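One chain, chain A, links the two complexes that follow: it is found with chain B in the first and with chain C in the second.
Let's look at the complex of A and B:
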């Protein structure tokens, strides 16, 4: 376990063993190369950077949920000694931006409010000053006159006749609709033996990444911008910052230092990115913004609250005949990534089971709540809370075991979702069988005790999105591989590690391809000016599959050149397969015909008049439907005991079986699953952004209540092995789809234990006690 | 507010720094002394990312004013390892057990874990989970962090290291 930490030995490739097949790095529990810097405090995050002359930025935010800005006067703030710059919406171009470049009318935000504020926390002005105290003092001196407007805080309220319009362009507060239709739904419901309809609501939760957002910008004398920012998508930030500042994309350089988690919350250009850059250019001094935790919780992006109505038709034997889902998303004041969420909820509503006829009607509704955004699972936790709760209720009423009902309808390899996707690898049935065994399901279901219950829920998830809402003109993932005559290699990619460990995985993939060790690979990443165009960043569990495929593409081209050198040197028959392993390039059928990799590189350079040996690799999913090139699956059982006096549900144990294709690094996969269970346990039981007319009431981590070490139940996980043909070495998603089943599995267990059937997350003691008829 | 000059021992070095009276210790460490290993995750004492030792005892440095550290000894994560090449056993264990993901909680986790092990070298799982309940993590579910700390129990070396660091002698 210590290889990655010891300094690389002097290169002596010939000394490495070559007898027998070289040990594969795939499936190894390799520790992360960045871990040493992180345990010693040496890793540099954005807020850790200080530049000479740096100014501190702060944002002025709207104190009201919906208002016209009648007047802004920043003159007193500008006059405060130590204040170097103040900007309002009047001082900067009113350019609309957003990640949905493909459909410009969906880009509904400006970096600072111009005429109107739409939520408590909407960014109104920004200050840059010599220190934090002065910046804070200046905010208090900015005079803003608001003319308050009636506001709306729920989807039904926003859709009601006569409701105030959050955006004038959408008088009905309906931002967009997404529909999905296939099969004959009327026929399905007419032929059904059993139909049920349920409505569920899910709540807003915070990503609660540990590192608050931070951005530091510097302007060069020629006006070019360098921005260090805590982002999971440096390319989007580069493009959108250029657009909002009216610069060319190449005039903006975005650097992603170490990032302290994102979970979907750091994948857009945010106002402080822009304000840091704009004010750096105005003042000629670097400007840094770092958000407070209160700003993060009270105004930051959050998981969309959704109201979902699901109607499902079964035959008596449990076969699903059709399903109709409507979803109303509370988008808050702006679209953000909402259009994608609206589409994905529809897809996740019918991705797990064979649903021959499906109708989805999703609408995205503007309200005066803080805007929602992408968050781990992105639509799937809401869709699957509804879908899996309903499956369990249907099983109960049909008199079929919930696992049996799922086995009857489970997706299988090769199944098609009409017009949407074809399932490649799929170990769903195996997951169900295994979790039944692992959790002792049958015995427990046969002997139920009051206050105790097992619950089950499942998931399927994507491995990267096929959709190009950003309308990029570059490949979705790119990688450049260079090899050197000292037997080492360099990987350059904009793929964004935000803590999940993808840097290690990509190095592992390259090292495997080239037959090198992890410590032979130097990684250059996180800089739009240094990395090949482009990589769409971290979201939708795309990095391992897409960037991994780009790395393999580049590596294979390099290997081809190296193989030519071996072929030439040993005058090999053209039928020889030539491979890389143990630091050598060799003939597979005659392994003694080998050259150290560095020597092969030197030969290739000589043959090419000194030109370095390098290759660019790319991956863009094509002809794989509308959603994703690959799908993961899993099943989870929760063992819950409910205190019937206090109503407190206590999770005794979680059982998880998942299919993520090949586990490239089991330690990394486990880390993803374990972290997902923490976040999802919070989603189920304790976490909720409590809102009162647009105001967040619990904007501290103490009151927000994400689970601590003592709250975590024991947990058992197992893997079902499949091989995903679209993924590098057979790999696909891990740890994002698992954000989905935990809440419905716990809710199902609570239902078994108490009879309380949760239709409204989170599951709280008060709700359980009310069901039990207790006085609260 | 007029600045005050304070003198404190940080990781064994005497440092003199002028601070505003309202400056917190974490701000002084990060912004004035450029010891950015200590992280601020909340500023309200809820997340534990800013955990340092003040005279050997773990504190949230976001709830401690810099002036309170005047004349006292502070150990940060940068001072926990006995040397530039040798790590504290807890740091080694965090690496080997995959207890590090985004790393933002890690300095605080490492400091709280080392403090626990120096107080309680034979800590069991419930006491590890209890000791870390003031340190929030959003990536790992705490599983591998707890495993890493438990792996240090009983190897004998941790108590001594922890105590040395806790006393500011590291």
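Let's look at the complex of A and C:
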């Protein structure tokens, strides 16, 4: 059948296995199939979807940082022609929700404020109207009487005696503590030749994803909900929306259309998801919310500002003996993903180097700032800024080259992080050696010029999280593979591509397993009603490893059935290994004994009364510690020139060598690297949410300075070859770790160029000039 | 935020423009590119009852150059059109280079030079170079028209010498002076594509080794783009040695009146004025075009 459709001129793809193994898709530079649609505007995002009779939603937000709500009167808004629904905290169940289902006390938010607002922008009410203008006009008609309370805007202020309590349940504003302890720290410091202690503060930055949050809900006549939403985690949204609406989880269907970036900022149920669904059920009409850029910047989740004090003990030869880290996170008004961040900062404080004795004390502090959340690197950018800056200063004072100091202490395969994990693959030493060569490090360090400098920083990162804070009872990742008698296959998975390119990687993995081409794979994804339960979504650099393993699990089961057909047809000896390649299923030792994959599918189905050939695959980490199944590593050097008159630091070039295991698709890895550099350039130099008593002063992209294409320095990168046994085809993460070394590498280079040692991000010309003695 | 309600007029001739404005000049906003007007109407910074669009008025988008009379940039000529105009590139490169740094490609294909001036922002990037070139604005009213020097036209933040019932039909630049050296420098500490923290335009002729016709204009460091008259006077008629240039740069620093905002502090802007003025004057003396 399939042969009849093949044009006569086309070469037989199966001719190749006869002469040798088919070409592998692993390591191929494959462009993204969705790129064209995104560049030309053809891709469908949530806000592009229009349904008949659709209403437009708008949120009323608190104008004050901390207040009791004494009275809300929405009657004038409800009376405005065109307004179809207005809801306040009194109209909906006051159910607390949050991603930390495992510890319900940590779920501290309601979808709309009930009695109290805790930050400027806290959601107070929602309107659905026939058009956007009417919805916004109605917001102005909702009367809210606030009784303002004293407010707190910094961690030390919030922890001070007598500070006003953001949540009554936490009179000291201390939401939670996370401690890590191993080794004999007192002994380590007593035995040390050199000890230093430094305090660093990092700032709030925005994810600034291109697509603002958007949600569109429809209610069926039986009350079941369908929600299209811009999310990284359709499963979490499904579960938490069901909980807040008092529905069964399966009564909620969440669909994830194309998503324009998330970076950690779209991994929770958000109030507009709920309000769209609730008001759709109330009105019987679809309701859509799309946030403005100003709402995103002024009230959206952001990277946690953290104050980190790090004390480290060395022997004279540079060996690390022990380390003690304390971190205070400014969480803003609610927990969000803060408990995870509090733990991870402690982890990332001792993941790169062998630290025999370690003590970590992390606290999450409530303030009246807009709540922080997960953001690319999630704790690592802050922890590694502090840790790597301190390593560089220690190297200087110990008189040891910073790369040598790192080589002396670098993690190696088989090293254990007590109570957390054992490092599997690890090419960290090779990364350091290679980046030294690539950047011309030794020659540049020997001949320093004023205003110019090289700086180094490193990272290690997780490939997916192990700790089940969502308390799911489903597998962490699931995939269903179906093959068809026309030689194609279908992959169904809830793994969420939010722009990182995981859809292609998962199809690539399946095509590789089945010996098909990318275009032979149809992908069904982003729909909780159509995809197998479950996938935890996109965060923690988990998708390639976890969903990739689930795809392989399913594919292998299908392959076994197909292999049986080849054995039967050719009456093969039981010791024959059967493989898939070039669109065929064949005997590895006698490749001429082969069947087109579609024909093998047809045979298998005929033998089973037509039952479709499909299999489900799963992955849930087991016995791989508490944090992650695999760890990536890397080293980065920044070459920076500082204008000593204006103070302007300009990055001339970035050099990166990293270990992401097998590079499944080098083009995709490069995209991650370039995006990481651009995002971290902003974190280091230009981006900062400027706050004045809880109010965001620069809530426009005119004044919130994202680096643009012209700001991007040239970048040189290499990878080191490792094979990660826990990852699909040896792969591990490449998406987040790279976001961590750039800021400390630039800061180190600025230090080399000017003497200015940054303890408080971002690095600005004014800070540099003040260090140089200018009175400005 | 949503755009407030207003009446919208799209006249095809100047007569129709004035008829639309009528005696409601104070309630009228003129629309050219709209890149400043629409956001400020949305945010409530500007208010009006009616918007009169100039884009349909024939001839207002013209860019005319005549070696005898100079350059005329019509009210609806886009920044990108002026930037790419061959005569502008050849005879007024300082204007092309200033526009090159203004906003983004997309905005430059929507916004106009005259709109940039009439918006009367202290950081209007076309103002300092046009002032350095001695530009004038042509103001047309229902009954007559007159010209004013651009230096002095902008009277305060979002305020100009234009009367409410008038419009600026064009900006006029004198014929090119081959001996006049000009330069524009702009600095932002945050990004290569950014609103200026400080900008400097400078012009001078070198006659027998002496600086003549010195003009120094500063952006973003006063309520309006400003002429640094004392700084120019510190150089006028003198040999531009590095000591003299340093003195002029320090004078500019003393002369500017910046305020602290979240883009940069007052003190940093003063410092930048000195650094940029020195760099601008050095560039002119060392062979600037």
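Here is the rule we go by: the second predicted complex is superposed on the first by the 757 of 776 C-alpha atoms of A that agree within 3 Å, B and C clash if a C-alpha of one lies under 4 Å from a C-alpha of the other, contacts with A are read in each partner's own complex, and residues count from 1 in each chain.
The definition used in the following text is that a residue touches a chain if its C-beta (ideal position, glycine included) is under 8 Å from a C-beta of that chain, and two chains touch if they have at least 3 such contacts.
Keep in mind that what you see is a predicted model, and the values were worked out from it rather than measured.
Once the two complexes are laid over each other on the shared chain, residue contacts for A:442 go to neither chain B nor chain C.
When chain A is checked against chain B and against chain C, the one touching more of its residues turns out to be B. Of the two partner chains, chain B and chain C are each touched by A:133. Of the two partner chains placed by superposition, A:246 touches none, neither chain B nor chain C. With both structures placed on the common chain, the touch criterion links A:259 to chain B but leaves chain C unconnected. By the touch criterion stated above, A:710 is placed in contact with chain B and with chain C alike. When the two structures are aligned on the shared chain, A:702 is found in touch with chain B and with chain C. Residues 133, 702, 706, 708, 710 of chain A lie in contact with chain B in one complex and with chain C in the other.
The residues of chain C lying in touch with chain A in their complex are 1-2, 187, 189-195, 262-265, 267-268, 270-272, 275. Residues of chain A that touch chain C in their complex: 132-133, 136-137, 645-648, 685-686, 690, 697-698, 702-703, 705-708, 710-711, 764-766, 769, 774-776. Remark: chain A residues 1-2, 5, 29, 31-32, 34-45, 47-48, 50, 133, 207-212, 258-261, 263, 292-293, 498-501, 667-668, 670-671, 673-679, 700-702, 706, 708-710, 712, 715 touch chain B in the complex. Note for the complex: chain B touches chain A at residues 1, 20, 22, 30-31, 34-44, 46-47, 49, 76-78, 80-81, 87, 91, 94-96, 98, 100-107, 110, 126, 128-130, 132-146.
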